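Heads up, the next two complexes both have subunit A, just with different partners, subunit B and then subunit C.
For the complex of A and B:
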């Protein structure tokens, strides 16, 4: 009995962690290269969810449609990212950190306002597609198959990012820009283009996360905030801007969150915040410090 | 220019004082909230605009004051109202001292932001869990107090009386902060914001000054919360939510973080925008967000900065080029 509880908490933690990582991936990417901590990320995640919802409605007909809608949301949010880069982010490259945070927070407000104007403030709930609405049982262990899907999606995005950043030409280029953008410019790399590509990729990840995490949660204009804080913590603990660090940190936070709901069910989130505070006091530079992405 | 500024302050004060006689209860309630939020924003800006520290969990101090005073009034402990306000300020200062001792020594910038945010969220969860403090429902039906001054007893049980009391309290707190910020101490804080390293070389204990500013700011925020509890008559864990922490930031930046009255101007503007856009859901966020974006991107010194630049241009044109050249370089003026 106790063992199944623990196993269940672990799998649940991995699912929560993967969900957090899906949001944190774009956040850490944009921080690693542009050095902007993007408050608006949560809002674009939410927009992605709403776009996907508009495509598939409350009852997606099949898994393919569900995934296709997520990719469509990614494309739509990527386009928004291009606009946001041109209008806002591009102008924030040389201002003080605090102003960056506040400017991106302003973008968050604008997006929340737009979402409320377009989709209203009513809650919507979306069922998982047919293949994922059941559960896998092994003995007395009972795991929703949608959780497994989220874990797989998290792994997929993580491995994809790893592959692109460490094994491809464009990844090396982005690493160069991240570690010294001035020197990269001198060497003939088109730094502004690299930054724009990063922004678009980061926003596409936000939209994708919105589409993939759509099911099994209530869609409302405060969706952006709920994941944003956890994703922020994951990015900070991971060592700002590091994808591997963010992945490990997300899983860690997810496990703590679901483990603590087993031990102290009355205070959701408490253990996570305390862990973050203690961790940062002990290791302010994060899990993987330095200038890597 | 001095006369203009003084005139603006007097006009604003007169407007606030005359409000209960010319408008309905709803507007007076909002005006009272503006006074409270303005004090709250001033306390935050003491950290950000003057000392250069960005706290993202300032609502925690506000909630500490609000819950202490709210609980004291509701439970009928027999503590005089001014005593409760003072106790709120002291508790806020104490909590600020304890957290500041640990945090300020180790962190600045983004880390400080995340730390303060996480601590405030922990407080919110603890409050939401505490049966004594009414869990998620908060403390409701908090009675309005009676002011005992020793020589006189003034009942503040009517909305208007309490409103005037808040106006006076706001003026006193504003005046105290103005004196602090414009004396040698305020100058020192500004120089710490501009270049902590150089100030340290000059023999100033930068860490201690930052801690002092943090404590003062926490105390004032808690007092703002203390004033809030009897006015709203309900205090919920939402007052410690991080969204509430962003309120003073937005107000300070909108008004102008590098001027003393900026946060007050920003708070008033925000309330006006919120009031005018109240009928269409989502519009207020859109307008506030867009305004803020324009401010940050085009005029980082806020509305007051814009007015100041316009004034300078105008006086320069009048004196045909003999006017003072722009010495905006980050110095803080009233």
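For the complex of A and C:
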């Protein structure tokens, strides 16, 4: 195993991890504040991807257009988040968690059905935009530019969330609601509105991830499932609802995925599952447990 | 101003309050005393619609509050300081106080958080301390400061002296009195510490197993030593 192989595996792991984090970000946010495990998250990620695809087609004309389409997807999915909150989530805030799980699963099925109706069941593949369709080479190391873009996007979303959550007043308010929604209400904070804002932000992140990760994918109605499992594992290992924890966990899982494909290429995913099981046995509360997002 | 009319309150199927009635007038200071488990906290939470299921009428300025959610009641000027204080640990003392700004009533100018803090001499040096790093007495002071920061018309203070050292209890009595006088807030105080309750209020309700068993002036209580024996185990 040469040094370049290891370097390549690390960069590849960071890219996979960043992609996982982009999906996990909204998932962990909604869990941290509403304590909802949103099964439908993957479906909204997929809808984001389809919306962006409808805008840019299979061959995006430029990087700008590619990124703008991702933000348009974020806005469209955020609007769907508002609708889902009104129709489903808001009504289930005061009932047992099990109903919420079933409800989000139902939303997932509905969304998958709607995607098939609108965009059909055929596969589509999308090329990266110019500038990202090549590779960066250093000696014998060969890294696709799109991987570097995904790493940058993951970092951008992570730092943005950290900044909003820990440095802005709205973030501190959301943390107050996350850690003690009862006291927040007693202090006159409009808790239902804060929860709605969170749902919209979480869905926007799903849509954004769909748009940003669109290239080099086969777009089909099962896209939602591919990242969702890893994203769920990242949220659990991260400490259920903690953004920083989810980021570290995503990078860890990405690196394990990529490293194990180098070492045991014929058993994809195996090392990841073993890692997750051992990790949870050793540290069931996750990397960063507690009440904070 | 506040009128609670024959309310029953429930946790699940168990009934905690039985036909409780009380009124508090504008700027009035009233105590609710009773043993552990008598239903004081349940009564306060019922008034804010913050936990128990309530049957009966709770009115504010003559209007039935019905099913109005907690945060809207807070915005009418009802400010609850829970017995477990619940200071946010992820923000500073000053930011904890700033969190109360959402309880402001329309058209009412709030004091800056620094000015609120200045009313509590003990808190001034702790302004930038994180909420999670306070002693019990400091937490209680912050909780009162936070409650008063929204300029309430009635502060509901639930067993503030529980677990506090005697000197802190004295300091708290002085601060609560001053703050109520200066801001014009009324006070509904739940206590087991009769000395403290007497310092801060003019009259009292005695509550036992979810029922009001006596109401009157402190003097009236002194005239009935038997009440104290029966309901306060003194």
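Definition applied: the second predicted complex is superposed on the first by the 292 of 293 C-alpha atoms of A that agree within 3 Å, B and C clash if a C-alpha of one lies under 4 Å from a C-alpha of the other, contacts with A are read in each partner's own complex, and residues count from 1 in each chain.
The rule is simple: a contact is a pair of C-beta atoms (placed from the backbone, for glycine too) under 8 Å apart; a residue touches a chain by one contact, two chains touch by 3 or more.
Given the structure is predicted, the values throughout are model-derived calculations rather than measurements.
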Q: For A:277, decide between first (touching subunit B), second (touching subunit C), both and neither.
A: first
Q: Quick one: classify A:146 as touching subunit B (first), subunit C (second), both or neither.
A: neither
Q: Answer with first, second, both or neither: which of subunit B and subunit C does A:266 touch in the superposed model?
A: first
(Q) With both complexes overlaid on chain A, does A:189 touch subunit B (first), subunit C (second), both or neither? (A) second
Q) Between subunit B (first) and subunit C (second), which does A:176 come into contact with in this model arrangement: first, second, both, or neither? A) second
Q: Between subunit B and subunit C, pick out the one touching the greater number of residues of subunit A.
A: B
Q) What is the contact status of A:50 with respect to subunit B (first) and subunit C (second): first, second, both, or neither? A) neither
Q. Of the two partner chains, subunit B (first) and subunit C (second), which one does A:66 touch, if any: first, second, both, or neither?
A. neither
Q) Taking the two structures together, which residues of subunit A meet both subunit B and subunit C? A) none
Q.
Please output the residues of subunit A touching subunit B within their complex, sorted ascending.
A. 37, 88, 91-92, 95, 97-99, 101-103, 105-117, 120-121, 221, 225, 229, 232-233, 236, 240, 266-270, 273-274, 276-277, 280-281, 284
**Q.** Interface residues, subunit A side, partner subunit C - complex
**A.** 172-173, 175-176, 179-180, 182-192, 292
**Q.** In the complex, subunit B residues that touch subunit A
**A.** 48, 54, 102, 106-107, 109-111, 113-115, 117-119, 121-122, 125-126, 129, 242-243, 246, 249-250, 253, 280-290, 292-293, 296-297, 300
Q. Considering the complex alone, what residue numbers of subunit C touch subunit A?
A. 48, 50-51, 69-71, 74-75, 80, 82, 86, 88-91, 95, 99-100, 102-104, 146, 150
